[in-house]
Amino acid sequence: MTLLCLENISVEFTTRDGCVEPLNCIGFDLDDGEILGLVGETGSGKSVTAQAIMGLLPFLDGRVSQGRILFKDVDLLSLSESEYQQIRGNRISLISQNPMTSLDPVYRVGNQIVEGLRLHLNISRSDAAKRAKAVMTSLGIANSEKVFSQYPHQLSGGLKQRIVIAMGLCADPELLIADEPTTALDVTVQAQIIELFKKTTRDRHVGLIMITHDLGVIAHLCDKVVVMYAGTVVERGDVATVFKNPRHPYTLSLLGCIPTFGMAQKTLNAIPGNVPSVRTFPSGCRYHPRCFHAKPVCVKHSPETIRTSKGTLVKCHMFSPDWRKDSEKVG
Amino acid sequence: MRKTIIQVCMMLLAACIFLAPVQAAAEKVLYAAGDPNELGVTTFNPIKVELSHEAMNLIYDKLIEWGADGNFYPALIASWDISDDGLTWDLGLRQGVTFHDGSPFDAEVVKWFLKEMETGPSAYMVGSIDTVEITGPYSVRMNLKYPEPNMFFNMSQPFMAVPSMAAYKKYGDTFGIKQIVGSGPYKFESWSPGNELVLVKNPDYSWGPDLVQNKGPALIDKIVYKDTKEESTRFLELKTGKVDVVFSVPTMFISKIEEDPALKIVRMPGTDLFHMIMNTQSPPLDNELVRKGIALAVNQESITKNVFAGAGKPAYTYLLDTLPASRVGKENEIRFDPKASRAAFEEAGWKTGPDGIRQDKDGNKLVLTLLAKNESSYRRSAEVIQAQLAEAGVDAKITLMDPSSIRAHYKKGEHQLAVRSYEWENADILEWFLNSKRMGYPNAAMWHDNESDYLMHKAMTRSRTQEERVANFTTYHTYLLNRYVWAPFYQPDTVFGVGSRVVLPEKRMARKFMNIGILDWDIQ
Amino acid sequence: METHQDQESIIPPANRWIRRVKKIKSNKAGLLGAFIIAGLILVALTADLISPYSYKEQDLTMMNSPPSTEHFMGTDEFGRDVFSRILHGSRISVYVGVVSVGLSVLLGSLLGAIAGYYGGLLDRGLSLITDLTWSLPEILVALLLVAVVGAGVECVIIAIALTYWAQYARLIRGQILMLKNEIYVEATRSLGATDFTILFKHLFPNAIAPVIVAATIGIGQAIVLEATLGFLGMGAQPPTPSWGAMMSNGTAYLFISPWVIIFPGLAMMITVFGFNLFGDVLVDIMDIREDTLK
Amino acid sequence: MWQFVIRRLLLMIPIFFVLSVIIFSLIHIVPGNPIDNLIGPGMTKAHEQKLIEKYHLDKPLPVQYAIWLANLFKGDLGTSIIEKRPVTELLRHHLPYSLSLGLTAIALSFVLGVSMGILSAAAKDTWIDHMAMVVALFGVTIPAFWLGLILILIFAVWLNLLPVSGSGTLVSLILPAVTVGLGGAGLIARITRVSMLEVASKDFIVMLHAKGLGKKAILLKHILRNALIPVITILGLRIGWVLGGTVTVEIVFARPGLGQMLITGLFRRDYPVIQGSMLLLAMGIVLGTFLADVLYAFTDPRVRDQHQ
């Protein structure tokens, strides 16, 4: 059953210097118990996607300007703020990018977990504490009693990350969004955490969106992958197919950057050129300035999303029937 | 239901109306906003006090009372007999007087008191006394070193009010601060400096002097002096009935009080004299003609009328016009005279320059400094005098300072002009301010003149009788006026604001507003 | 919330100054502040020309008359036109504000820079003085200093400068401390620059921005302090019209002619408001963190 | 933690000494002397000399300071030269007036300032925010004495609602406390707003939204709690600012507080009184800063741990 479905989502932010659109018509879907990897370089719109699903954009001066976000067939965008609050942290949880700054420094961590729990589950403080400690232990926090009553600054990065994950898992959500949950951690801990995610999603039958720029993690963990570039989805499909038959030039170069397929490595920046800033998105296909195959049509028109023979979806002119007619290349 | 509420309200109202006068009748309390000039009073010990407070006149009895008519009346001293040479004074004391602590007033106390006076700042008041003998339980004889007709004046001052000897010896340093024991119509109850002083009626008092109808005890049970410094606030408290009497109402509020039918204004002849001193040793003020030019350029009437709203009189001499020694004849008075002023400047060689400021033949401009205390009346006087002098071609630069800084300036002798005032009801003030032995301070005029000193000594120590003393002081005063050491300009009335509750006696014979006269006051 | 967007989009480093000018143009409060300051300076310069009456000529027949068509802010205790006196009073305010803050900035930033750069005993001495200044209300410090130095506008300026310098010293010291460890300082030193060049050519210009902001707001504070001293009777001597002295003289007439107090107070309030607005905007324009100013 | 408190307390001792030396020397540099205030008509030079000796004014300054300090250790701040009472007694008498005004004003400015700051931050960039900030800015810029006079004019004279001055009753505290408090409130409102906006932009706030917390809960429980930490620090640092403001206000409202005592003492050059009241004021401020530091340490667990 489809757990989450994004249809043609565009997002706008109002800043001092005018409006920007970090997401342009993206879409993907996810089933129960499925793990979806959201991959792309910094600035490609991964975190904004997470924020859009969580309904956090209004607090960040942003808004969804078009499209629908269906969560179990309910359009989240049509919910009122108080209805959304019922879902946030309860049925959909977010595990944030930076555990160092995700906790309120003046409250004990236990308190912060309990705060979320009691908000959604009608339970007493002591029950909530019990439950929080149990989750903490299950996440491999050895000394959960002690950690429970400590302040964030007293914990190591790994512990903090576990706390953040515990906060995400505590209320038994149906969908978990993990926004680069391992970037702040060292490699050994990363591996542990990834295993943890694998185990919990499987055990609890939770849908998971894993945001990362680490293709290794995706290959190891995910069922589906969505490749994003400059606010658009350039390619998506199940991991095995996409990774075996990458079609979009960007996906190709991403995969090409990995020396040995399957090993945990992250060296994404070997693609020539830079990720464009949200203020200076190129016309047409947003990847065209860095694309080896670019033609005038790529500069002028944004490509359609096309289903490939392998069942993946790709957004590139190369796969349109008109491609061959246009022989001119962009110098 | 509604009816009952109204009924209850009516009953409550009636109860209030009924109870209120009962309560008021229980105790008559007079609230007075004390004289702001007396706020700094530090002790109520007459022997140690430098600055007296109105309340001293109520707590203590004085040896002699001074009437509004200028005559001296028996008080603690019931009779006196002075020898022809003025050196032997036989004094008869009032009998039956007891202090608040129960100790009696007798010859013993007077002898001790006159001796003890020598230890305090007012020692000079008894400076002429050689010895004091007890000639009976209620009579003493004073033997003087030199004739001192001014002794009557001294004895009528609060500085020579008599404290209880027993209490004085018992309490030592705290007497006058924590314990205050006299024999007056009111007893000390409490004092919190900067806030209030509370006195209660002395029920045993029965020895009021001839100045009052009611010989005692007083009709008002309690007097509270409130220390309200801010003039506007004092006015407002009178208006709202928070105080019944305001001492020295600022001139700008007089008309406001007069407008209010519930309030009264009482004017008494003032005891202050405003004048501008000139440093007689600082060029060009060392030139008598320049001083004359300046003194005659000051328009006394304009200042009195405009700065002080006519609450007082222009001053043309250096003494209060209530003192006999102030009668020097019109020709010796210093009166605004622009023509004579111009003539004096011209004669001294100071001609009007192109910018309107006078200059001498070397082109030096007539620019002088003008010091004034940083308080409303001084500052305003200085500002108007500045404008008046500007018309006479003198550029006066005002500097406002606190009194301590001004005195420091005087001591250095670098000042030129200064607006000052003094409060003293005796001609001997001339000696205090113009004796060449006190250069700088208090002789801020830096006046050093042998003839002047000779006349001063004659007036101070060679006068056998009051009449002789007046004559001598008049001569001294006339001499000083013609040397133009000061420019006098204003003698304020003392103005009191009185609330509607206070019943004042028809006839007031006391020289001061409240004082011993309080015995005849009542509250409605 | 800027931080989040910046993660998504790295803004190209545009020319800082162009952005600053743009910012001030788009900031209405800043413009208002600038206008008030400009207006004040204009009034101070042309007071003689635009005043309807002389500020010192007395007219004792017109004492304490209420606002009217003739004197639209009324007259004072000597019948002088309050409006004309307020116009002239702006001179004292501007003069005292600018000169005293200028002096204290000069003294403070010099000592602060040296203390921050060299550290050691000088630095500790400076810290002590700053601590002490913090522990006395500035009005009392100024009051005591005026009593020592004497009366008059110049004395007040000296007293205010001496009261305020430590705060600028502290500010610039902190900046220098922060900057002196940066790499380019090491680089210039290795190129053989003297301490003097490093301090005054490289560090100082970079450290001065928050001081400029603090000084702008400080001018407002100095104007208030001058008025407060004037209220306590220390400052400009009559007949010079200083706003503080005008209000001080007016207190005696609070119930009779309140306009003598109300208008100079309003004038001062608007002035100080202007300096504060402008200072606030400067904080924004120069990208200074608020807490460096505290 | 206690070690930190004790260390900070000990640090106050040298500050006290340096302050006392500075105050002592400064007031003696001021021209004029207290004895002149005691001289009335007729007083002799000998009497003047006696007074000078009585108060040790003929001795060199360091000796005078030593005498003063020695007495201080005995708990004796000297005797007022003019008022003839022990300075400790005078302070006991004047202090309650200042303390009641100061504390009420600080409480008022805290409550008013913080609520204005919250309002302003919550409604950022709306007209409410602009209005609140304009009011706050006026609060900071209005000189206290002028505000006091205007309040008297409005409430006591025109409306005849509140007493002008006096010091005994609670009602008489309202106008002066509002006068002093408004200035402080403006300052605190500004700091609270900036601080709250800064906290609001932190990552963990977004996470709190993600947890499903309501706006109000986030604002009051998390943002405010974090934002108040710098507010408390600055409040402590600015305690002198508030107390300094009370000096002129005491004069305007004729309250016999420390400020009045100090100013009259200063005008009369009553050295022991100036020293006593100035030191008390200064130590009050040092103590305020100290309390703020301690409070800061208690409210921020990160700082608390640093001192552990």
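Points to keep in mind about this one:
By written order: A, B, C and D. Residues from 1 in each chain.
Note that in this section a residue touches a chain if its C-beta (ideal position, glycine included) is under 8 Å from a C-beta of that chain, and two chains touch if they have at least 3 such contacts.
Note that the structure is predicted; figures quoted are calculated from it, not measured.
In terms of C-beta pairs in contact, the better-connected of the chain pairs B-C and C-D is C-D. Taking the mean of all protein Cα atoms as the centre, the chain whose own Cα mean lies nearest is D.
When chain centres are set by their Cα atoms, the one at the greatest distance from chain B is A.
With centres defined as mean CA coordinates, chain C is found 46 Å away from chain B. For the pair chain C and chain D, the distance between mean C-alpha positions equals 22 Å. In this assembly, the C-alpha centroid of chain A lies 52 Å from the C-alpha centroid of chain C.
The distance from the centre of chain A to the centre of chain B, each centre being the mean of the chain's C-alpha atoms, comes to 91 Å. In chain B, the residues touching two or more other chains are 230, 232, 236, 402, 405. The set of chain A residues touching two or more other chains comprises 59-60.
Multi-chain contact residues, meaning those touching two or more other chains, occur in chain C at positions 1-2, 4, 147, 251, 254-255. Residues 40, 42-43, 48, 50-51, 121-125, 177, 192-195, 227-230, 232-233, 236-237, 240, 242, 402-409, 422, 424, 428-429, 432, 441-442 of chain B touch chain D in their complex.
Looking at the complex, you find that chain C touches chain D at residues 1-4, 128, 131-132, 134-140, 143-145, 147-148, 220, 224, 227-228, 231-232, 247, 251, 254-255, 258, 261-262, 265, 268-269, 272-273, 276-277, 280, 290-291, 294.
Residues of chain D that touch chain C in their complex: 15, 18-19, 22-23, 26-27, 29-30, 137-138, 140-146, 149-150, 152-153, 157, 191, 194, 200-201, 203, 206, 230, 234, 237, 240-241, 243-245, 247-248, 251-252, 262-263, 266, 278, 281-283, 285-286, 289.
Across the interface of their complex, chain C is touched by residues 230-232, 235-236, 250, 252-253, 256, 302, 306, 374, 376, 379-380, 382-384, 386-387, 397-402, 405 of chain B. On the chain A side of its complex with chain D, the touching residues are 51, 54, 56, 59-60, 81-82, 85-90, 93-94, 96-98, 101-107, 115-116, 119-120, 151, 153-154, 164, 167.
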